[in-house]
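You will see two complexes here that share chain A, one where it goes with chain B and one where it goes with chain C.
Our next item is the complex of A and B:
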C-alpha cells in the first residue's frame, strides 16, 4: 500500500507541475489583459502600470512560474484578481459547497446504480420503469435536467427550492462547511431538512448519468457471476436469488463497479461545474465560471490544480476500496 | 465604464428563456419564498438578488462596475448626489449642505451636514473628507482618477472642507455626486482596519459609510445582506433588511420573481423576457431613464476602414432602426446624440448619420476581395450585443461584405486598449459614463489615451476641444468636440438603453428611487410597500 501511496503522491506532484506549466503557457499566449479588466476604462496609464507591478505581471514568465510553484507548495496560490482575496481562502469558502453537492450526487448515483443493476439482473417488474427513466435522464444534458427540474418541481409543483444551498438565515457556520453535516452536528434538523431539499434537484441531475454507467458495469458482472460455480452451489443449497446476489456475488463484482465509480467521479465534477450555474450553487464551478471572463488566472489555476489533485486522490481511494472489497487485489 | 461582466453562461440561460417566458404570466404564490406574488412581506425584509456576483468588493474606492452599485450607493454617501426620479441629472446636497466654487473652477468649499454618524458610531466631520480622499489616492484603483488632480484638502473647522485642484475642472462636481465618486468613510474605522492594504481586506465584508443601510453580510458568490442603519441622519428606511442572494442563471431568477420569492429584478433581464413582462399586468414593469448606450466602434487600422470616407459609409449603411427594434424592444430607442442619453440636453451634440446604403455599395463593388471580409466583435458577457453584431453582419452581408461575428471575453476587449493586436474590424458593446459630464464619456471613448478607446481611433481636433471643454464646461464646446470625434467615422452611438426593471405590484417608490446616472440600482431607502 505504501508503494501505491508513494506512486500516487508522485503523480500528484507531476500533474500539478504540468498543469501549472500549461496554464502559465496559456496565460502567456493569451490576449486577455486582467489589469485593464480589473481597473476599468478610466484607469490612468500609471495606475495600470502600478497595478501590473503590484500583481507581479511585469516580471519574466519563468520567474512568475517558479514563484507560483514555490508558493503552491506552501499552500499559497496567489490572490484572485477578481475577489482580491487569496485563492486558497476562496477555495476554502467555495469547496465545501461543491464537495457536498458532489458527494450527494455520488451517493445518489451509487444507490440508483446498484438498484438498477439488481432490478435488471433479477428482472424485477419495477425495472421496466426504472430503466427507461434512468436512461432518459442519463442521455439528457445535465443543464437541461436542471432547468426541467426547476420548472417542474419549483415553478409548477412548489415542492423544492430553485437555487442556493439554504433558505434559512441562521445556518451553522462550521466546522465542515457541509451544511447537512454541520446541521446534524449542531442538532439543527430544520437546517438539515432545508439543505437536503436544496440538494435533491442538483444532486440528482448530476447523478443520473453516472448511475446508469455504474449499473451497466455492475449488472454485467452480476449476470456473469450468477452463472459461476459458487453461485450455482449456493442456489443448490436453497438460497434465494436476491440472497445469492447480496451475500455472494456482489462482493466479487464490486471491483469493476468501483473502477467505474472512480471514472464517473471525474465526469461528475464536470457536471457539477455546469449544474452550479443553473442552481446558483456557490461552489468552485461558479467561482471559476466568473473568473474566466475576467482572465483571473490565479483563480483558474487554483481550481484546475485542485481538480487535478482531487482526481488522483479519488482514484487512489477507489483502488484502496477495491482491495478492501476483494482481497485478491493487491495494492 | 463598461457594463459589468454579468454572466458567462447567458447563452445557456438563453436556451431556457423561452420556457421561462411561458411561466412568466402565471405569477402565483409559493415556491419557497418569503413573499407571495400579491402581498408585501410583513417582516419588512426585501428580497432582491444579484445575477452573478458583483465581481468586485463593495469598496467604493475599488468598485467600478454595475450591479454592485446597490451595495456601494446604499451604504456610503458622498458630499453631493444626484436627484432621484428624474431624467435630468441634477446635483443635490448629500453630506455637504452647500458649496461654493471659485471662478476658476479650482477651489471648492463645502459646508458639511451636522449630526451625521458613520456606521461605526463616530461623527462625520471634515476630517473624514481628507481621510477619504487620501485613501482613494492610496488605493489607486479605477475610480482614483477622480481625485488625481486634487492639490489639497484642508479642514478649517469640523464642518468645513476646502478642496483645491491643480487645474480647472468643470466636471469635478459631477465626480463628487456620481455613483463612482469619492464616498465618505469613517477615519477611525479606516485607521483601525488599515492593515497592509489600506483597509481593502476589511471592506470586502464590511463598510465604513454613513448610508441608510449597513453591510451586514458579504459571502462572495453566495449572498449579501444589508440592514437599516438606526443612526441614519435622513428619513428612516421602510425595509429593515435587504437580502441579496447571488443567482447565477437568469431563468432561475425570473422563476423566483414570477413565483413571488423576489420583490424585483433590477438588471440584465434578457430581451426575450422584456416583452413578456411588459405584457404581464400582474407585475410592474419600469422603463427608467439611464445613460447606458449600445456603442458601435469601427477599427481605423483595418483594410477598407483605414479611409474615413469608407468608415462613414459603413456607419450610414447600418439600419439602426431595425437593430433597435429587434434587440432593444421596449427598453431602447435610437440614439440621436453622440453622448449617451441624458448626459446633455437634447439640442446638443447631435449625431448625424443618415441612413444611406449607396456609398458603401459603391465602395464594396470596387474593393479587392480580401478587403470584403470583416469581423464584427462583441463582448461575450453581453447577449444583446451579440444580437446587434448578428444584425450588423446580416445587413452588411446584403451589401457585398462577408462579416463574421465573433465573441471576445471582457478582459480581451479591455486588453486592446493597451495592445490592439487581434482587435476586430468592428465592435458592439454597451457602456455608460461614470458621471453625467460629457467629458467623462468623450475623454475615455474618443481621446487617444481613453480607457474605452478599444480600437485606437482619435482626432487631434477632438482631443484639443475636450481639453478646452473641461475647463469651460460649455455645452457648445462639448458639442464641437463631439462633432469632431463623430467626423472620424469611428463611432456610432446606436441605442439609448433604458434601465428596465420589474417589481411586484406591492413594491412602491421604484421610479422615485432610481437615479439616472446609476444603472442597475435603486436607492433602497426610498422604497416602501
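Our next item is the complex of A and C:
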C-alpha cells in the first residue's frame, strides 16, 4: 500500500507543477500587462520600470517560473489586482463555502446514484418514479434547475431559503469553516439544521447529473455481475437476492462507480461555480465571477490551480479506494 | 484424511458397488419427464426434451454429454437456478419439493439445506473480493466449522488460508474451497458441473479422488456432470449419457463400458483417446455435428450421425428401454444388433496411415533457449522463469508434441518459435521461406469477428488476382473439409468445429514449413476433437509440413506426434519417440502424467501437490518437491540435471538422476 501511496503522491506533485506551468505561460502570453493593471494606464515610464523590477518581471522567465512554483508551494499565489490582498488570503475566505457545497453535492450524488442503481437492479417499485425524475433533473442545465428550485420551494412553498449559507446571526466561527461541521462541533443543532436547509437546493442541483452517471455505471456492473459465476455460487448456497447483491456483488462493482465519481467531480466544480451565482453563495464562484471581468489574472490562476489540485487529489483518493475494494489490484 | 461429519454421517449409505437392480434404494432427487425450452432472439431452443432420471442416495451419478446436450441445464434445474423466463414442464423433486415450480424462498431453503454445488471454473466461481474463510463460513455457519472443512478437503494449513483471497490460491486449492462450500452442512446431493475441466491433469485426478472420498465419508450423492466419459466412468457408480436434450443410455459404469448399447455411446467410446488408442491408423471420428437445438428433428436426434439409422428412426424419438436389468438405452435397434453391426462399419472405416519417409534436415532447432518475464512493479518485481534452457529439434515433416501442465512453459516455447515472443538467451533457427503458422485453442477468439472467412484466409495471399485468390481460398477450405460457401460467412455464424477448421485453412492456404498448434482440440467436444486431430495429421502428410503440437494430454500427444517432449517448469524432462515415452516412461513426472490420464475402469492415481511456481523453481531438480522417488541429492542446489540417454538410445533422453544413473 505504501508503495502505491508514494507513487500517487509523486504523481500529484508532478501534475500540479505541470498545471502551474500551463497557468504561468498563459499569464505570460496574455496581452494584459500586470504592471499597467496595477498602476493604471497613465503611469510614467520610470514608475512602470520600477514596478516591473519590484515584481521581478525583468528577470529571466525560467527564474520567474521557479519563483512562482516556489511561492505556490508555500501558499503564495501573488496579490489580486482587484482586492489588493494576497490571493491565498482571499481563497481562505471563500473556499470553505465552496468546499461545503461541493462535498454535500458529492455526498448527495453518491447516495442518489447508489439508490437509483439498487432500485433499478432489484426492480423496486420506487424506481419507476425515481428514474424519470432523476433523468429529467440530469438533463436540465444546473442553473435552470437552481432557478426552478427557488421558484418552487422558496417563492411558492416557502419550504427552503433561497440565498446564502445561513440566516442566523450568531454562526459559530469554527475550526473548519464548514458551517454544518462547525455547528456540530459546537453542539449548535439549530445552526446545523439551518445550514442544511440552505445547502439542500444548491447541492441537489449540482448532484443530479453526476448521480445519474454514477447510477448508470453502477447499475450496469451490478446487472452483469448478478449473472456472474460467483453470484451463481452464492445463489447455490441458498442466499437471497438482496443478500447476494449487498454481500457479494456490490464490492466487486464499486470500482467502476468510483472511477465515474472521480470523473464527475470535475464537472461538479464547474456546476458549483455557476450555481453559486444563482444562490448568492459566498464561495469561490463569486470570487471568480468578480475577477474575470477585470482580468484579475493572479486570482483566476489561483482558483484554477486550487481546483486542479483538488481534482487530482480526489481522483487519487478514488484510486486508493479502488485498491482497498479489490484485493487483486496490486499495491 | 479422515472426516467426522456429525450426526449426518449416520445417514444410510448404500454400497456404491451394489447392483443396479436394487430398486428399494431411496432417491435423493428424481427428475420426471423434464422439458426445458429457452427463448433466444425469437427462437425456441429446446434444451431438455423429456428426461426422467433418479439419483439414489449415496451414489455418484456421472452425467455425460457434449456441449448442447443439456447436461448443465439439468444440473441447474436440480439446483432450481434455471432462468425464470425458461419454459419448464415436468418435475424436479428434491427433498419433497419440485425445484422447477415451487416458489423462490422454498427453492432457497432446499439449496441451503439439501444441496451443494461445484462449478467448472473455480476462479470465476468464487467471489474475488471476499476472503475464502468468509465464503465458506457463509454456508458452514461459523469460522471454526469453515476452518475444519478447509482442512477436511485437503487444504494444507487451513488456518492461514482462511484469510486468503481466491486469487492468492492455486487452481486446485480454489476448487477444494468450492468443494468445502459444497459439503458444508452435509447436503444430500452435490451437483458438480465439470469440476475438473479447468484444472491440470494431475490436479484433476486429486479432485476426483477427493469427491469420491467425501461421498464415502458423509454419504451424500454426487451428480458429476462431465463431457468426458472416461472421467465419469472412473469415479461414478452409474453413468447417464445425454444427447440433444434426451437420455441416450443409462446404466452402471461397468455395464455401460463393457456393454454399451446405444450407437452414440459406442461412438463416444470409439472416438475417445486413451493411452491404448491405435497410433497407426486414423481416429474413428464421429461424422457431423450436434443438431441445432432451435430446430429439433421429429425422430431420434442422433439419426443424422448414426451408421445404423433406418426409416424407423425418423418417426419419433425412441424412449429409453431396458436392455438388461438397470441398463436403459434409447435406440430402436436391439442392443445385440447394435454392437455386431457397428463392429462391421468400424472395420471398414479404419484407414491406416501411410509410412512416413524420414528426412534428415531440421526445420526448427532450439539450443539452450531461455525466457523470463517481469512480474509486478517497483520493489516487488520478480522474474517468472518460463523457459530455463530448452534444446529441441523438429525434423522436416516430423510432428513433435510438447506436453506439460500449466506453467511448464510449453506455450511460451511455441510463441517463441512462432516469432510472437522474444527470447533472452540461446539460439533459435527456423527454416524458411515462410514464417510458421499458428492454430490456437479458442478458434472463435482467433478469428476477426467482422471479417468473412474468405477475407481472413485470403489475407495471406498477396499479389494475385481476385479470381485466383477466391480459387485458392476455396481449395484451402476443401482441404479442411468445408464447402466453398463458408468463405462468405463470418466466424459467429460457424460452429466450434467449423471455426477450428477455418483457422486450419488460414494456416495452410500457403503451406508453412511448420504448423504450430496450441491445444487446438482441448476446447472441442470429444467427437469433434478426433476429427480435428485426423485433419491435422492428414494436412501434415499431404503438404509435407512439420507440426509442433502443445497439449496437456498425453493421450492426444501420443496420437498426433512422432516424438513427445515432456516439460516441467521451463525444462524438458523427458523426450523420445511417442511409443517409447508412453509405453516405458522413465522420468517420474512422465509416469505421474501417464497415471493421471483419466481412463475407464482404472482408479485415478493422484500425484501429490501442484506444479511449483515458475517464480521460484525449486533448487536442484525442479520436480523433487513432488517426486515420489526423490532422494536428498535431488534437492541439492548444486545438482545440474541434464537430459541423458536412456538405454544408450540417442532418441530417448530423460533428466533424472534416479532413472538414468
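Just so it is clear, the second predicted complex is superposed on the first by the 260 of 331 C-alpha atoms of A that agree within 3 Å, B and C clash if a C-alpha of one lies under 4 Å from a C-alpha of the other, contacts with A are read in each partner's own complex, and residues count from 1 in each chain.
The criterion applied here is as follows: contacts are C-beta pairs under 8 Å (C-beta built on N, C-alpha and C of every residue); 3 or more make two chains touch, one makes a residue touch a chain.
In this text, all values refer to a predicted model and were calculated from it rather than measured experimentally.
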item	value
Chain B versus chain C as contact partner of A:294, first or second or both or neither	first
First (chain B), second (chain C), both or neither touched by A:33	first
Touching partner for A:325 - first (chain B), second (chain C), both, neither	second
Partner chain(s) touched by A:3 [first = chain B, second = chain C, both, neither]	second
Partner touching more residues of chain A, whether chain B or chain C	B
Chain B versus chain C as contact partner of A:235, first or second or both or neither	second
Touched partner set for A:223, first chain B, second chain C, both or neither	neither
Which of chain B and chain C A:248 touches, first, second, both or neither	second
Touched partner set for A:57, first chain B, second chain C, both or neither	neither
Chain A positions touched by chain B in one structure and by chain C in the second	none
Chain A - residues contacting chain B, complex	31-34, 36-45, 47-48, 50-51, 82-85, 90, 93-94, 97, 143-144, 147, 150-151, 154-156, 158, 160-165, 167, 274, 276-280, 282, 286-287, 289-290, 292-295
Chain A to chain C touching residues, read off their complex	3, 7, 228-230, 232-240, 247-248, 251-252, 325-328, 330
Residues of chain C touching chain A in the complex	79, 81, 105, 108-113, 115-117, 119, 121, 124-130, 138-139, 165, 167, 178, 181, 191, 376-380
Chain B residues within the chain A interface of the complex	1-2, 5, 8-9, 12, 15-16, 19-20, 23, 30-32, 52-53, 55-57, 62, 64-65, 140-145, 148, 200-201, 204, 219-223, 245-249, 251-252, 255-256, 258-259, 261, 380-381, 409-412, 414-415, 417-419, 421-422, 431, 434, 440, 444, 449-452
